[in-house]
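Each in structure tokens, the structures are laid out below.
Here come two complexes built around subunit A, the first alongside subunit B, the second alongside subunit C.
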Partner chain A sequence: MNDLVVVGAGLAGLLAANFAARRGASVTLVAQGRGGLALSHGCLGLGSVAHNPGAFPERHPYRLAGFDKVHPAVAGFQQLSQAAGLEFLGDPETPLQLPTASGAVLSVHFAPRSLAQGSLSASEKICIAGIEGFRDFDSGLVVRGLRRRGYRVDATGLSFPSGRPGRDLYSTDIASALDQDWQSREIARLWAPRLNKVDRVGIPAVLGLAHSVDILTSLQSELGLKLFEIPTLPPSLPGLRLERALRRAALAAGCRVLEGPMATGRLDGTSGGVRALGLSTWTPAGPRVVDAGAVVLATGGALNGGWRATRSGRIHESVFDFPISAPEDREAWIGERLIGPHPYDRFGLTVNSRMQPCGSDGQPFFANVFACGGLLGGADRRTEGSREGIDLVTAYAAVEAALS
Partner chain B sequence: MSQRSTQLLVVGGGATGLGVAWDACLRGLDVVVLEQGDLAQGTSGRYHGLLHSGARYVLSDPPSASACALENVILRRVVPHAIEDTGGFFVCPPGDPGEFPDLWLDACRHQGVRAEEITPANALETEPLLSPQITRAFRVHDAALDSFDLLHALAAAISAAGGSVLLHHRLVRLTARPDGFLAAASESGDRLQYIHAQVVVNAGGSYAGKVAALAGSPLPLALGRGAMIAMATRLVNTVVNRCQPPSDGDIIVPIGTVAVLGTTDTPVDSPDDVRIEPWEVDLLLREAAALIPSIEDHRVLRAWAGVRPLYRPPEAPESETRNLPRTHALIDHATSGGPARLFTIIGGKLTTFRLMAEETVDLVAAQLGSSVPCRTADTPLSPPPPRYHRLPYRLEKLSASGAANRQGVICECELVTAEAIHSALDASPTTDLDDLRRDLRLGMGPCQAAFCAYRSAGLLGGREPGVDTNPGLLSFLEERWRGLRPLVWGHTLRQVELNRRVYQDLLALDDR
Partner chain C sequence: MKAVSSLADLCVKCNICTAACPVAVVSDEFLGPKAVGPQAERFRHPQWAATDPSVTLCSGCGVCSRVCPHGVPVAELNIQAKAQLASQRGVPLRDRLVARPAMLGALAQPLAPLANAALRARPARALAHVFLGLSRSAPMPQFSARTFRSLQPARRSESPKPVEGRPQLAYFHGCSVNYYEPALGRLTLRVLDRLGYDVWLPPQGCCGLPLQSNGQFAAARRYARTNVRTLAPFAAAGVPILGTSTSCTLALKHDYRAILGLETEQADLLAGAVYDIFEFLRDADPSPLEATTFHPVPLHLLYHAPCQLNAHGIGQPAYDVLRRIPGLSLTLSESECCGVAGTYGLKRERYSLAYAVGGRLFDQVSQVQPDLVVTDSETCRWWVEGHTGVRACHPIEILALALGLQDENGLLGKKAAA
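Presenting the complex of A and B:
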């Protein structure tokens, strides 16, 4: 029997599994799919939680978890990422301004070194390089976008020495070729003539999955300049690197991982409905029961399947079928424009300050079920810039509550 | 300021307008067509894709039924490349009134519309998703007609015959002169082009009222908005009709890779009112469930609406559009105190566009003193130059090109390559992603532009470094959003959220 079963292998679930395992708990991580990190820029945006916590409304996940959790959660993340061989730069007070693949600016508080080195400054001129034959990053779009915003930028085109596969290139193709052989000499020979008099050059984030730190270091020293990466269209390598590191860290800490099955909550018929026993999962070999002292739901929001919405206007959580309140009229879920705020952004599970899902009466459904991450309602993560911060802080708080 | 003169000016480049121009070209007339948008941007490109057998209208509108039956045969002969002979079923779900099918079958015989009863088991064998409880089934000669292909073929035939099709030209003035008309059209909102025309045909469809108003001649129209839903997969291979009087949600049409559920009919005031409301979506899915009970288990892809222009005879009631006659009307404005040599052709159906054109040009030719007879019924249209429109064509082309010289696939859902985009851009002056979509089906597949919008914006920017592609990228995404917004639950909600993750979170796209 596990102390804890965590459902979901996105950022919140992986962090929760790691935090719990590092506290000595026996943990099983159950995940239906890969989690959302392949879609992530792999940085940590906290929103204004460090300098202006008053900006967050009542029932906001930060507020429920407690602002006092922010500091230890961030410290926990830094320990974890360091131990996993990732180097994150930044601080919780001042956001980094990083260029995106459309030439817009992304504001985050912590970023892996390869991205953080792209931090924009008004005075310094930078160069953006596209990769020949790679469709998921366009240097022209980056340059035009940054120039519109007043930055001084040039564009160039580069190529990799390894032959192209007989199909379209994805970020992961280039990354795995570099992981096997990072060819810094050959690359430097190819690139050097194109990077004359350039101090800092931004390229798509394709510099390896497993060996990204080594690849970056060796390329920089061969070229004698600073390289930085910009996240591409998915699959996004910085997110995948974080996923890989956190998975390996969890396994190394003794966490078991059960991948693929759909999970359904299992209730204890003898507790008077007070406790959950754990999960039933549907594996290819048939149903399997995962018993646990406590369950942490980290199943994500609308995209990742943590909650589902029907045409009739019902929204429910996926594992225990907890109700999620929303207007019946679907028109009230959405905004006018795609690229803009939508009311459904704030939809999600209601929890109390112990991160226990609760009903409209404020009473928890079960004493030993907890929730964190994108599944929680009450936040506009995009506008706040707080998506990863909420994952981190609520995962930390949920594990603390579940193990206490 | 540029000027030209022509014998016939056709306003509107939908099926009707292009049909008129094609017919006139074949009779040796000099023709110019003005289209305010792109080919298939209006109602012709926003229909469910059905080539009517006529069976739908045998009881409610017999003249339309016979016209459809005749035109169905003619179009199969002259535009075979735009038609897929799917065949059609009329089926009776349990609970539908029992006396209708016999009345209907009888009327089919009277109107010369072929219909043959088959056993429900027979129908189910062909279409396994059909409700196993259907009580009766009939086979009719419906087919799927791709209006994009039809319009491209017509436009190519008109150009080849010496006519001009001016896209993105909006008529702004139409002044009667003793010898005809002086029309002014603006191209992309700025430059004015003046056209002297001896005769003007208003084939403006749902915009025909606005065109007639420019000439100072009122036109009583009833506009009806029809909403449709494309299911993400081709659920049926046969057109499936519900055997009952025409009503909302009575048809499923397989077209290309999707199946289209049609349609509703809501009176609207403006031709631009194509916004779909949740009740329309609910109704279409509920009605389709009578034909395919598992419909809710399948993914909906997109919803859209077209505005039907129907001529409202002075005696028809104000409140209704469904039961106005579907037959077309040909109006000589001179007979109602309007200018001479202005004709409006309005109403009808896409299936009858050729017949409507024939009747119109008969009148126009007489006016111009020509006695050349109509030849459209027996002059096959050449297939248009490949527009990469059909998935098999693109798949074949993609697998034929060797690994060495192949260019990237920009839109994976619809297999649109960089090469196809470049040649479409070389062939026309446009740099609009939405025009590329209509030409190539860019962004029309299951992911609704999640990946190709960015890639193609990059490609456009590479061709024209001076142009800021950001507004075009945003408006393309917003255009895709219009078809998704009535469907935001289940899978579509997840798709929308994926697209927002990419464009708002990874790319931080905004209108700055």
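Presenting the complex of A and C:
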């Protein structure tokens, strides 16, 4: 019997599994496929929670989890990432301003060193370099965007000693070539002439998956300057590094990972529906049973499959079929602009202060089912810049409640 | 089949499969699973083969289907596209041979010493390399002098024979145990006997997977239908059907229905009754192992979960069971696939790519220097042992040690094939 089963392998699910396993619980992580970290920048944005908690509306996940959870959750993340061999820089009070691949500015509170070194300053001139043959990153686009925002930036191009590839390069191709043999001397010889008058250079995030820390260090010392990475189109290496580190940490802490099957909730008919028994996992052989003392849902929001909408305007959570309230008129779900904000951004489960999903009467559906991350409603994560912060704080709170 | 093809539209091109693909990361010729799978599927005509053959570089390891968060059966799409290409271009003799382990076994087993000498002889391998396209460098197993089934006449049965108070199991041993590794089969029977089960050997043929992987669906379906029929009496009686070969059990659970299109009630019933042996001992009937006190096994092992096992969606049950054995030091493999992917790595034109896929695992073996590599699939064992020189064994051999059914010397004394 598992003490805890976590559903979902995005940031919230991986954090929940790690937090629970580090508390000594027997944990199984069940996920239909891999979560979206490979599509993400791999940083941690908290929103304005440190300065202005009052700005968060009623029923906001931060408010429900409790603002007092922010600091222990952040400390838990720092311990975990350090143990997993990642070095995150930053603090919860002051966000870093980092350049993105589209020339916009990303505001996050913690970033891996290789990204944090790109923190923008108004006075210093920096250089953005693309890599020949790697078409998922356009240094010109970055430079135009940053100049429009008033930063002093130049662009250059670098080559990569890979010979003539048989197809367009993926970020993971360059990362893997560097991982296997990072030839920093050879690359430095190739790059140095293009970088002779700059102190800080931004390149696409391709500096290895397994050995990114060593690759950054040795390239910097060969080139005698500071390098920083800018997250690329997927696969995004900073996100992949975080995912890989969290998955390995979970396995090392004794967590079981069932990757592949979709899961649905199993109910206990004999106890009046007070507790969930666990899950059915829909394996290639058919449904198989996973028992659980408690279940933590970390299945994500609309784009991640955590909830689904029907044509008739009903929205339900995917694992236990919990109802999610929304206006009947589907037109009212969508905002005017393509990129948002959209009213549906705020749709999701409502939980009580113990992170238990609740019905409209405020009563929890089950005593042993908890929820965290993107599945929770009440937040406009994009506008707030709070996506990863909500994942972290609610995962921390859900595990604490589930194991207490 | 239609179903698989229509699921291609679930793809949102997130590239999570591309990032996980063990072939794309070592080959700049292979476009990656997203590109040759759901993306190319939209341009495939039902009758005409695609003009882009890059899908043939796919090894069929199935990692893409498992990591897809949207339920796109990427690997299944690729297998079907490869079969379509094969049906139009013709299947080379080499692919017809490697896809028929049961036939090869039946032919070679009476002449085992001769066949084994040929497999070991460099001139013979060089000829096979040049004329047949069978890589001279790929490690090959040795035929056994006796088949597993011929050694177990009393266990063979067409239907379960219940004995009061004794739970029953059926064993799908597959071709590898029957023709190459009967000792593994015998050890499996001893372990299951010890845990209190009566084990029967139903009539069975090759699972058909090698044929399916080599694009010969019609022949694969013949095996599939026969197995569904001969295993049906056991499935219908609720007798769990266990396998020690993870690719055979995956074929029975999944491929017959999802890839070969056997959509019958019997096939569904069979799929639900099939278990990987450690899945069964961990989940379906955990009490015998929970009641067992293990002997300490002071060994350092590297456990590698075969890609075909991961595709079961059950995690790594052997690893979970081995972790309970005192004295064992276990390192988990960092690789998604050892490279050989069944018969892929045996082919002359694929060998170096398959070797590159396995590179990470081989490096880990040489860094960690385990006493043994433990992995559930026979083709992984032959491939890893042949390339690292470290003996590779099935996890049931370790469980047998912990149950006191064999000793370490018997296990470690065996020389690596390399």
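Rule of thumb we're sticking to: the second predicted complex is superposed on the first by the 402 of 404 C-alpha atoms of A that agree within 3 Å, B and C clash if a C-alpha of one lies under 4 Å from a C-alpha of the other, contacts with A are read in each partner's own complex, and residues count from 1 in each chain.
The rule we apply is simple: a contact is a pair of C-beta atoms (placed from the backbone, for glycine too) under 8 Å apart; a residue touches a chain by one contact, two chains touch by 3 or more.
What you see is a predicted model; the values in this text were computed from it and never measured.
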item	value
Superposition on subunit A - do subunit B and subunit C clash or fit	fit
Contacts of A:259 with subunit B and subunit C, given as first, second, both or neither	second
Which superposed partner A:355 touches (first subunit B, second subunit C, both, neither)	neither
Touching partner for A:324 - first (subunit B), second (subunit C), both, neither	neither
First (subunit B), second (subunit C), both or neither touched by A:39	both
Which superposed partner A:108 touches (first subunit B, second subunit C, both, neither)	neither
Which superposed partner A:234 touches (first subunit B, second subunit C, both, neither)	both
First (subunit B), second (subunit C), both or neither touched by A:333	first
Touch count on subunit A, higher of subunit B and subunit C	B
Once both complexes are placed on the shared chain, angle at subunit A toward subunit B and subunit C, C-alpha, multiple of 10 degrees	90
Partner chain(s) touched by A:166 [first = subunit B, second = subunit C, both, neither]	both
CA minimum distance (subunit B, subunit C), superposed complexes, angstrom	6
Contact residues of subunit A, present in both the subunit B and the subunit C interface	36, 39, 166-167, 169, 234, 305
Partner subunit A, residues of subunit B touching it in the complex	277-278, 281-282, 285, 296, 403, 406, 408-410, 418, 451, 454-455, 457-459, 461-462, 465, 468-470, 473-474, 477-478, 480-481, 484-485, 488-490, 493-494, 496-512
Touching residues (chain side subunit C, partner subunit A) in the complex	14-16, 18-20, 24-32, 65-71, 250, 253-254, 258, 268, 271-272, 274, 283, 310-316, 320, 323, 332
Residue numbers on subunit A that touch subunit B, as the complex places them	36, 39-41, 100-106, 133, 135-136, 138, 140-141, 144-145, 148-149, 166-169, 231, 233-234, 236, 301-303, 305, 308-311, 313, 329-331, 333-334, 337-339, 342, 344, 382, 387
Of all residues in subunit A, those that touch subunit C in their complex	28, 31-36, 38-39, 162, 165-167, 169-170, 172-173, 176, 234-235, 240, 251, 254, 256-262, 281-286, 288-289, 304-305
